[in-house]
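Structures follow.
Same chain, two partners: chain A is paired with chain B first, then with chain C.
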Partner chain A sequence: MNFAAIAWLVLRKDLAIETRSWEIVSTTLFFAVSCVLIFAFAFVKEEAAPGAAADAAAGILWIAVAFAGTLALGRTFERERYGDTLKALLLAPAPRPAIYVGKLLGIVLLLAAAEALLVPLIALLFGAPFFSRPLILIGLLAAGTVGFGAVGTLFAAMLVRARTRDVLLPILLYPITVPVIIAGVRGTSALTASPVNENLALMWLAILTSFDVVFVTLALWTFEPLMTE
Partner chain B sequence: MIEFDDVQLVDVSRHFGRRRAVSHVSLAARAGEVVGLLGPNGAGKSTIISMLATLVVPSAGDIRYGSMEDRRPPSSIRSRIGLLAHELHLYPDLTARQNLEFFARLHGLDPHERVDRALASAGLDDRGDEPVSGFSRGMRQRLALERALLHSPKLVLLDEPFTGLDDRAVGLVAGRLRTLAGAGAIVLLATHDLDLADGLISRMAVVRNGRLIADEAPGGGLRARYRELMAS
Partner chain C sequence: MKYVPALTVAVAVLFVSAPILVAMAPYESTMGLVQKIFYFHVPSWIAMYTAIYVNGAASALFLFRSRPAADRVGAASAELCVLFGAMGLVTGPLWGVKAWGHWWIWEPRLTMALLLWLVYISYLLVRRYGGPGSEKLAAAVGVFGTAVSPFVYVSVNLWRTIHPLNSVVPTLKSPFRPAFGISSLAFLALFGLLLALRVELGRRQAALDALYLADED
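Now for the complex of A and B:
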């Protein structure tokens, strides 16, 4: 079987499992929304002018995405730990990086669903003008999500047999993905600034895309040796 | 498709950090044989099975599948290897049928007929559409064996395949392994259960502290010979 077919098969299997319980989708979305609501209680004041907390909106969006993403990564690989099914995937007569890509696509889809909920919610609560340049915002979110997911999927797969995986995942993941989070926040801030700084947002989008190329390439290159003990 | 009639470990060692799991093991298994990999807990049996399954790379030595001597064999070799490990490699949230269909597709096979046949072999044809989470250990074990054999592997690796099986199921699995070996498969069976291994295996390889201490035909009285080896 070719690379794309294996990746699609793994993604479809993850979706089939998820649609039986909706466990990861519901916990991830609930956690992301809770995060935003707590920030809203802290930053949005009744007496303040509308949109006064908009400056914080970009940071809150990316914090919620990063935290929810970490939760989703842990839960997704917990399923592969039970019954040691990750090993069964690695036994397939196929390029092992295809398994990685399938898992990555699942995480990206899940985070895309979270972002589809978070963006309008944050725009509403914080008065953030997220929709002034919707295509650039989608580009920033997509590139940031792929970069975060690429590193997260690799680390979550590596840690699947570690006893302290829940502690180690954020410790390893956040320092490496800091450039992605910074680029995402700065790019999104440029879109919520008044006036909108489109060039700055595009520059951060280009930087995010280059991070994606580096992270995905490194992950594809290292997945097989890291997963083969 | 890669074809081979024997598999060999040539002076294979595997260390995990400072811990020596397998040390200078040389062992060969040929088509038609059921080789029993015997030894106490922590002897290195599972590491040998994992190395043969390409999940663990030897620290030293070579594993040869027929004439292939590559230290990192191509991914296509895995289409000829079936593994039933201690963990069952099944998704509990999926049905038995969905599990088998997924693994059949993962091996590039058309699942339809194979899955029906596998469910019948596992004695689960009437429960194929139920989630695996509702199955007993024995039912899962039978399903996992069919999952491992779905792609008609040449090298069949089994780590404690009789765990959780009742007497009838043990007889069925033992019969299945004999049939596989009779059809030309290489069967390597790691087990503690000497009573079950006796009469099933055609050769015993005894491992202790990561070293191969015996590789011989079992003859009569497998348990007595095993005790003798362990005491020496």
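Now for the complex of A and C:
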């Protein structure tokens, strides 16, 4: 079997398990929405005019994605650990990087669903003009999600064996992925600024893409030795 | 281990001579006395970035070749990275409050240096609390930390910044140069000495653990 077929099989396996219970999707989406509500209480003042919190919207969007992503990453691998299925998955006669790519695609799909919910919600609640350049916004979100997911999937997979995995995942993940969050937030706020600063957003998109290349390459390279005991 | 006495002497000589040279160096025309922290601040960062690259190489070596010695070098350099980073993070705001009027600003270089420092604290946390097998996990953090660090350097050129540029160092006027050169050398020698001592300590710990295990069998 080739690389893409194996990655697709791993993704389909995760999707099949998820569509039986919808456990991770429903909890992640609800968590993302409650994050947004907490930020609303922190940033929106009663006397302020509608739309006054629009400049905070980009930050709120990316932080909600990062927090929900951490939760989802933990849950995805907790399920593998609980069923002791990760060992079986790794025993399969398949290249390890293909298994990693399958897992990564699952996380990216899940976060894409969360973003599809969060973007209109935040645009509505905070009056943020997210849809002025929809293609660039989609590009920023896609590149940011892949960068965050690439590191997150690797770290969550390797932490399955660690004792204090719940605490260690965010501790390891945030310092390393903060460049991704910074690029995402700055790029998105360039789009919500008036007038729209398209060149700045595209520069941040280019930086995000270079992060993605580095992170995905490194993750593919280190997944094999990390998952070998 | 056999280099330790020679290195100790070198570190002692350098750290005695550096303050004399720093005191002799003329006042910088615009910043005056405040500028002298530069002889302490920049060498701390040079030592921290050296620690990061040593850690990256050691982590990669441990990850792909499983050499226990590489793991000990990785752990030692991560500790030193946190130590020298702390020095840089303390001296930076001391200068910043005089020169910029702020203790801290969210400027790319400062932010990224702080982030790298946090990455190596998380490296130490994983090793300490990760349970058995956490050396490999820490090595992955080290590899990623090293990979992130070039972005720190690139960021300076990409974004407008009020931090003095790195290009200041090569164009430094000759009266400032000996003090800066000796300070940097002193910090690098100190890094080398501490690294050698810490690696040796790690080796002895491992040897002791092996003896305990052999005794139990």
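Please note the rule applied: the second predicted complex is superposed on the first by the 228 of 229 C-alpha atoms of A that agree within 3 Å, B and C clash if a C-alpha of one lies under 4 Å from a C-alpha of the other, contacts with A are read in each partner's own complex, and residues count from 1 in each chain.
Here is the rule we go by: contacts are C-beta pairs under 8 Å (C-beta built on N, C-alpha and C of every residue); 3 or more make two chains touch, one makes a residue touch a chain.
Given the structure is predicted, the values throughout are model-derived calculations rather than measurements.
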| item | value |
| --- | --- |
| First, second, both or neither for A:226, with chain B first and chain C second | second |
| Partner chain(s) touched by A:82 [first = chain B, second = chain C, both, neither] | first |
| Partner chain in contact with A:171 - chain B first, chain C second, else both or neither | second |
| Which of chain B and chain C A:96 touches, first, second, both or neither | first |
| Residues of chain A contacting chain B in one complex and chain C in the other | 229 |
| Partner chain A, residues of chain B touching it in the complex | 16, 50, 53-57, 75-79, 81, 83, 85, 87-94, 98, 102-103, 105-108, 131, 147 |
| Chain A residues within the chain B interface of the complex | 1, 6, 9, 13, 16-17, 20-21, 79, 82-85, 87-96, 228-229 |
| Residue ranges of chain A touching chain C (in the complex, touch as defined) | 151, 154-155, 158-159, 161-164, 167-168, 171-172, 175-176, 178-179, 182, 203, 207, 211, 214-215, 218, 222, 225-226, 229 |
| Footprint of chain A on chain C - complex, ascending | 63-64, 111-112, 115-116, 118-119, 122, 125-126, 129-131, 133-134, 136-137, 140-141, 143-145, 147-148, 151, 158 |
